[in-house]
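See the structures that follow.
Next come two complexes built around subunit A: one with subunit B, the other with subunit C.
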Partner chain A sequence: MRAMRPEWLWLPLFAVPLVLHNEVALTVLVFTFILGILAVSFNLIFGYTGQLSMFHAAAFGISAYATHLSMAHLGVSFWIGMVIAVVLVVAISVVVGTICFRFRLKEFYFAIVTLAFSEMARLVILNWGSFTNGSLGINLTAKPMLWLPGGLVPVQGTRMWYYLALVALILTVFVCARVVHSWMGRSFAAIRLNDELADTLGINVFRYKLISFLVGNAGAAFAGALYAFYLSYVEPGYLSIEQSLAIVAMALLGGREPVAGPILGALVLTALPHVINFSAEVRILVYGLILILTILVLPRGIMGLVTKRRHVL
Partner chain B sequence: MFFEVDGLTKRFGGLTAVSGISFAIARGEIVGIFGPNGSGKTTLLNLIAGVYPPTAGRLIWKDRPLAARRPHEVAALGIVKTFQNPQLFEELTVAEHVMIAAHLKLKRERGFGRVATLLEPARHDAALREHVERVLTLCRLIEVRDEAAANLSYGNEKMLGVAMALMCEPELLLLDEPATGLGQDEIGNLDGVLRDLRAHGTTLCVIDHKVGFLGGLADRAIAMHHGSKIAEGPPAAVLDDAAVVEAYLGRRHA
Partner chain C sequence: MLQLVVGQLLNGIIIGTLYGIVALGVTLTFGITGIVNFALGAFMAIGAYVGWYLTDGLGITYPLAVPLAVAVTALIGLLADQSLFRFTRNNLINGLIVSIGLISVVQSVILMIWTTTPKNMHYVLPGVLNLDWFIVPKMKGVVFLVLLAVILSTYAALTRTWAGRAAYAFAQAPEAAMLMGVRTRLLQTGVVVYSTALAGLGGALYASLYSLEVSMGSSYILKGVEAAILAGIGSVMGSLVGGIVLGVTEAIGSLFLPQAYRDAYGLVFLVLILLLRPAGLFGGGR
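Up next, the complex of A and B:
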């Protein structure tokens, strides 16, 4: 993986829509890319820093609503709305992260408290009917606009979304890879592997846990805005526990490393319901089974089968 | 004064682990703290390193009260501690351990400018790696640099702890029983490394109950028993002190 610059592996993906004309398959890939952003950013918090955050779906959902609400009430474009949503999510994450990390909540306790915050956010959205239309959700009619050679055009149709989602995913992977393969990533690894030792070596455990949480949640916010406007629909289910678990499943299944590993998990879990027709209840069951099997048989995920151990240096 | 401990006391519930200890350390010296198991040596180091807050007493660093509260803040000021039982990052190699420990060095050299290095981490790390090599050479770990920490001998595990601490560029290095559990060759190796360190200007405070090793190394000795200081002075005199012999061997031998 090292010898061949991994950036080149992205190139064939740009050619896929030229060759592949199956609408369903392309749609699966668009979802994979957007959920890939979600899984890769989650992995920064979970896989690299070792904190099992159950707040990721909340960051994803809050951003979806906040993007729409900024556009509807402030009259801004999709992109400005998304920036507002990311800033809002980061601000909320500062509060949630500070509470969790100041009280040195770890492992199970951190997961439960972030889950509680996540549920709080979901309940607020569910019950703030005048703003969010409650459990019915909101149909989103606006489209992101892009400046292309032909002028300002709305992003619509599977092919345009394919390229937008792919570029967004590459951007996310690029940013996460830069962070992970730097002194900051080494501090994250130190915290994951032995936070007591990290502390003694002068690493501010609180600060770097918080940074990891903020950067990861900003990625989730990015994904949330894209996802909602691709689907043209947002509902409180975005923030559900099922969504949180699906994210964990993607990261575990794809593998912690390399940075792009969780995308494979996103692909498998997105494609599976299309390949085999599951009802909603069975889907949860299958997710659960995949989680259990992955942990038992593939502790390093699918990527663990093809890559050697990562080197921090 | 470089570093001073003034009336330091630590109580855990009803147990007084450290009781009103006072001493000073001058820049560049090696201070050895002796004492049998349970005499409060490790607690004393943990108090200095910020692992626990003291119940009473003060720590004075370069004539000012030590303001730091957490270990990472104490380390940032230049006081770094190693662990009695080697604490390592499982699954990483020796060189990776030392690379992680470069955190403080980077912070001191670049301040917030280090955020800019995120744009080009690879180029930036090259310079750091040279420094890692130097520290590994100094600690005689260069031959096992790419070995996973899990495969190291106990002596090398402990030495890796010293290497990581050195990478933090401490002014005062606190070593918690560095020789315990080591074979004779490994102790000789450790002794050499610590003397090299002093030659490089690092001040050392070493606790151990290996009298032979520490007695030979230290410039000055402090003996502890039941959390209190019972003797202080040149190592030979302290080890001959009646109270120290009694603490170690019992009353009949005193």
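Up next, the complex of A and C:
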């Protein structure tokens, strides 16, 4: 597994905006990177630990709102707001995860209970009008600020967002890869393959499930803050079931391994609808067909075509 | 006040049977093929749109249009089973994703054929039934009775006929059932198609009560899954009771608590049941 660690594959991506001047293509890539963070962090919970969490979109959306609200009401910068949001999401995840894992909810039951919590979060945001503006959502006018050689500058324009999103994605992949290739990752795999056996072998199943859930949701929170401020708009749809399912689709489409695999899923699902100018109906059709064909034709995802079948541990 | 409570109670029971018919499909499909068919919501939409088209578009009388719509839905269900679900037997996650993909495909095809213009046919059976101290729209009463009859006869068929006992046997021990001469492939396909037909019936009846939109099924499939789990997956009469419990919880909950959180009351109830009684209200201990 360590034989192929293609860190250098990231380098050409830094040169892309210098060569490519097509605004649409760059926008697609920015979306791919941010949604890639979402898919990669989801893959930690689902692909590696085997828990089908439906809470990922909720973590994503709660963080988007929390970042904006702490900026608007506490007067902090984007980065501090994002840290507050990540902490909040992790705290909520501790509660949700503890409930689910203490009661040993598995497979479908885990999915349903996390979905229930996710829906409750969405309903609260939808109906807490004074803070969240209900179903209309909020336009975000603030921009993240960065210290660059020229001083403190707001991140705006596709090119700056491209680099910010790319760095954020690399950071996420790096953290996830470190987790997966550590003793934690081996515990995750043991739990995925047979959690009763893992328990017998002395692995604290509850602890590692919770760690995986927390790290994954923290990644989703990171993505949520970036996504909302890139779009300059946040609405309750961030937390919808459709969003949860789209995340599952990206992860499956990309493939579980390597860690960066789900990014390909994010690329195909965001890029394909943009590249060809479909009408709304055809877009939904293509999306559905991609999902079906992935499962029936490419059960190990796109990366499954490239990489050879390896041992899971 | 009492009148209001009774009215909401009745409303909850009637909506609950609609949840129940979807829940029945969920339970049967899960018991026999090991997947949760989320696309049942989409089949409900197919039943509703076809039922509407036959009545409103082609002018076929509604009592005839409903069975026709059910037949069309079942046919599409057979097609889906043979081309898709056949390959995802006993693979929960693959089945889930394929059924979700199917939802998108069905929704887009419906949009292409019938566009988004609002559709309703409240005119099928207007008027209300004014019993002594509560009022029920006539059509709601009819829908309730039809669904109740279908669920009860499904129960009877499962317990009294050879095919029904074969299904139970297969759910308990697939290999043993196969050795006893149960034609398992046929049984699995039959159950998947029957579930889609049930959803189609729910949809065709729904069309006479509410106006149609293409995503109508998504809330019903969620409620159906909730109801099936609430009752304990695998229980036929449980899915009816689970649906009604869910419908009543929501109706009564939104009477005393904020209406906006209507969907949450059922969810809270569901989470509590799953944590405290994982096998569901009527499931045996496992």
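Please note the rule applied: the second predicted complex is superposed on the first by the 291 of 313 C-alpha atoms of A that agree within 3 Å, B and C clash if a C-alpha of one lies under 4 Å from a C-alpha of the other, contacts with A are read in each partner's own complex, and residues count from 1 in each chain.
Here is the rule we use: contacts are C-beta pairs under 8 Å (C-beta built on N, C-alpha and C of every residue); 3 or more make two chains touch, one makes a residue touch a chain.
Every value quoted in this text rests on a predicted model; they were computed, and no experiment measured them.
Of the two partner chains, neither subunit B nor subunit C is touched by A:L305.
Using the contact criterion defined above for the overlaid structures, shared-chain residue A:V205 touches subunit B, although it does not reach subunit C. Of the two partner chains placed by the overlay, neither subunit B nor subunit C lies in contact with A:L11.
Of the two partner chains, subunit B is the only one that A:S182 touches; subunit C does not reach it. A simple residue count on subunit A separates subunit B from subunit C, and the partner touching more is C. Using the contact criterion defined above for the overlaid structures, shared-chain residue A:N194 touches subunit B, although it does not reach subunit C.
After overlaying the two complexes on the shared chain, residue contacts for A:L152 are found with neither subunit B nor subunit C.
Contact with neither subunit B nor subunit C is seen for A:V19 once the two complexes are overlaid on the shared chain.
Taken together, the two complexes place no residue of subunit A in contact with both subunit B and subunit C.
The residues of subunit A lying in touch with subunit B in their complex are 178-179, 181-187, 189-190, 193-194, 196-205, 309, 311-313. By the touch criterion given at the top, residues 52, 99, 103, 105, 107-109, 112-113, 116-117, 119-120, 123, 126-127, 241, 245, 248-249, 252, 280-285, 287-292, 294-296, 299 of subunit A touch subunit C in their complex. The residues of subunit C lying in touch with subunit A in their complex are 36, 84, 87-88, 92-94, 97-98, 100-105, 107-109, 111-112, 218, 222, 225-226, 229, 258, 260-261, 263-264, 267-268, 270-271, 274-275, 278.
Put simply, subunit B touches subunit A in their complex at residues 49, 70-72, 75-76, 80-81, 83, 87-93, 95-96, 99-104, 106-107, 114, 117-119, 121-122, 124-125, 129, 164-165, 167-168.
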